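These notes are about the structure you will find just below.
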Amino acid sequence: MLARLGIFVASLLAASLVIFVITQALPGDVAAAILGFGATPEQLAAKRAELGTDRPFLIQYADWIGGVLHGDFGRSWYSDIPVATLIAPRLEVTSSLVLLGLALALVIALPLGAVAALERRQWQGFTTSALAQFGMAIPAFWAGILLVFVFAVTLRWFPANGYSPLARGLGPWASHLVLPVVALGAVQGAVLIRYVRSAFLEVLGEDYYRTARSIGWTRWRALARHGVRNAALSLVTVLGLQLATVIVGAIVIERVFVLPGLGSLLLDMVGRHDLIVVRGVVLLLVFVVLLINAAVDISYALIDPRLRTSGRA
Amino acid sequence: MLAIRGLTVAFGRRPPAVRDVSLDLDAGQRLGIIGESGSGKTATALAIMGLLPEYARVTGSIRLDGTELVGLSDREMSGLRGDALSMVFQEPMTALDPTMTAGRQVAEAFRLHRDRDVGRARTAVIDMLAAVGFDDPDRIADSYPHQLSGGQRQRVVTAMALVNRPGLVICDEPTTALDVTVQATVLRVLDEVLDAAGASCLFISHDLAVVSQLCSSVVVMLDGEIVERGTTEQVFHRPQHPYAAGLVATARLDLLEPGTRLPTVADHLRGAS
Amino acid sequence: MKRAELWVGGALVATVVAMALLSFVWTPFDPTAVGSGTRLAAPGWPHLLGTDHMGIDTFSRILAGARSALYVGIIAVGIAALVGVPLGLATAWLPRWASEIVMRGIDVAYAFPALLLAILLAGVFGGSTETAMIAIGVATIPAFIRVTRAGALSVLSADYVLAARASGTPVPAIAARHVLPNVAHLIGVQASVSFAMAILAEAALSYLGLGTPPTVPSWGRMLGDAQTYLVSHPLQAVWPGLAIAAAVLGFNMVGDGLRDFLDPKLREVA
């Protein structure tokens, strides 16, 4: 447990260093980029001192990380607004989208993965696997565009874009999120089906599954009862690894549906080369991914009693 | 109570794993099925349980107390499994779900067929665990499989199979994976609980010596067919088929003169052909 | 049936490659010339799939778009394989602690998917085909390291390799003679699947305006343009998507087919 925590901290440091090197060392003179060509050497020097870019690299890095640890991500080069202030109101949008998308993906993948495994020699299983193969090939943002045309433009069931905060009521919030969540979750669900299928196939070959069948569970109920718990170990791992993909997918989907989330902020600031904001948002996203993966490792012990008693976690 | 007629089991395009097997088992009777791996004994057992993979083709007739089992749907068969008939498997290390306590797994069998009530199921589980020889059934019930020894797990599996007092219990090499000393305990427990339940038993083994301790009659299978049948006494002392004679010879090493080569089954088969 | 998967996938891939090659020598109209036709014409004749908001023939642009998709895919997968395969082989020989560090590094790298890395690079250098290719390639390296390492480790423990090592055959010779040929099929499968992912990533980046520049035909950007005219001309948002899906499906199917075809161990257990 302690070792896992150490690995998490080390990973986070490594990741933050990578982000910092890319956004601070590679671009060259940030002050020149901000002030443009007409800047005098005095102005440039003043700007460098203001940004702190005239100091040694490691000091700048330590400065940034030190600030981040206190919740201070710096100030936007473009608007001078604190990065944390820019990020805060967007957390709700992105986390709603990612969490609901993951939930939908699971709701799709668990039963269909079970069908694909249990009926793998029947047409149902074949159809499901084929469906997954097709689903994986569809870009989520294209699915989003098509959903907008059918359900927003033609049928007018849901708004085509925009967001309504939860605080303004559950109904509007939900109706704004339906299409983005479906676009993100359905495609991710198709990807997950194969993982669920192979995890379940493994269970079907296990002796304890046969034992469960021998005491009177039907195929489906034996799998639901003993399969899900045992497959959970590998599925949780896959979910952890897929999280990064889902978050990135959410960035693109936010653009499709003009949702004011972290993805939109990131893309706007990329367009303005406001690297301090870009750096902060990317660090936050990477932090979440690493944190969840550390949590996944630790959760093994909750799922598998064998790991609980042997003290490994 | 169990009547099998012309049972044939085939997988894909390969030659049938079980060919035209007929068997009868009276209430309370114990029949040993002997044969080496691949002789079709496990396939026979799984056919009776309805647990063969879907792509297996089963023909013939299996009647349990007059009910035809061949052709029953999975749902219908599930109603009987664990209740009217049950099975003790041979892999004590892997036959239990590692994520559930032993007690909960035995309780599942009870709650599926007898009584949904958790409290009454717990009582039945503790009684059953005591019946399979555990002095501390409460502790065993709350243990996870990895916390139990091979012999303990095998007794838990036995408890699962017998908690509903089924009429027929199929034991597939229940002691093969265990130490010799543990084997004896498990066999004694099995003997007791089968007696207490008044259950019939199909006891599958490659080991004639083990079968002779539990069963009154024996069939010998070779390449999917029954080649010899009779009381344990008959097969043991006057085997007819050369393969059976070979099995007896390898089982009765105590009859061997010191200094002679150990007999093999092949010696006898070759002599016959 | 698995053979069928390989054939169908192969046919889809061949179609995409043929489209790209054809577009070099012939397209019905110039895929880049603005105003070569009516703006937003409906599908028909002579514009089979219609025209976009700048009057460019959509069918011609789809054909030429295959070039961008394949170009990015080839370079990205090339970078990933050229770096990942030697690294994967090397880590199979490294002492435990050293390979542990590499594997931990890979775990960190998984937190930077291709798109995130590409967005980060685009923030620094501006979006371009090059930043997209490099980002996708670099982000794909870990997958190749993992696959090569796992394959190499299993080959290295085989008896004939142990014999070769015991007889003093130098390490690079063992790698070239015994290990590489035995992991080649794994690398082939990975390359195919990575190619599919690279096409998806390129499409998304171009859609976001961070990949292929506006003047060069690309399926992702076509979708971005079409979204603006979605209400009146929805079909323009259908064609590029179909092209992406067909290409991705093709490479994924080839990967799956190869895996099942070459590795009997992975065939389904009875």
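The letters A, B and C name the chains in turn, as written, and every chain counts its residues from 1.
Following the convention adopted for this analysis, a contact is a pair of C-beta atoms (placed from the backbone, for glycine too) under 8 Å apart; a residue touches a chain by one contact, two chains touch by 3 or more.
Just so it is clear, the model here is predicted, and its values are computed rather than measured.
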| item | value |
| --- | --- |
| Graph separation of chain A and chain B (steps between touching chains) | 1 |
| Chain located farthest away, centre of chain C as origin (C-alpha) | B |
| Distance-to-centre winner among chains (Cα means, whole assembly as reference) | A |
| Chain centre separation (chain B, chain C; CA means) in Å | 54 |
| For chain A paired with chain C, centre-to-centre distance based on mean C-alpha positions, whole Å | 21 |
| Chain B: positions in contact with at least two other chains | 55 |
| Complex interface listing, chain B residues touching chain A | 49, 51, 54-55, 74-75, 78-83, 86-87, 89, 91, 94-100, 105, 108-109, 112-113, 144, 146-147, 157, 160-161 |
| Chain A to chain C touching residues, read off their complex | 7, 10-11, 14-15, 18-19, 22-23, 26-27, 120, 133-134, 136-139, 141-142, 145-146, 148-149, 153, 201, 205, 241, 244-245, 247-248, 251-252, 255-256, 266-267, 269-270, 273, 275, 278, 282, 285-286, 289-290, 293 |
| Residue numbers on chain C that touch chain A, as the complex places them | 104-105, 107-108, 110-113, 115-116, 119-127, 196, 200, 203-204, 207-208, 210, 220, 223, 226-227, 230-231, 234, 237-238, 240-241, 244-246, 248-249, 252-253, 256, 268-269 |
| Chain A - residues contacting chain B, complex | 121, 206-208, 210-219, 225-226, 229-230, 303-306, 309 |
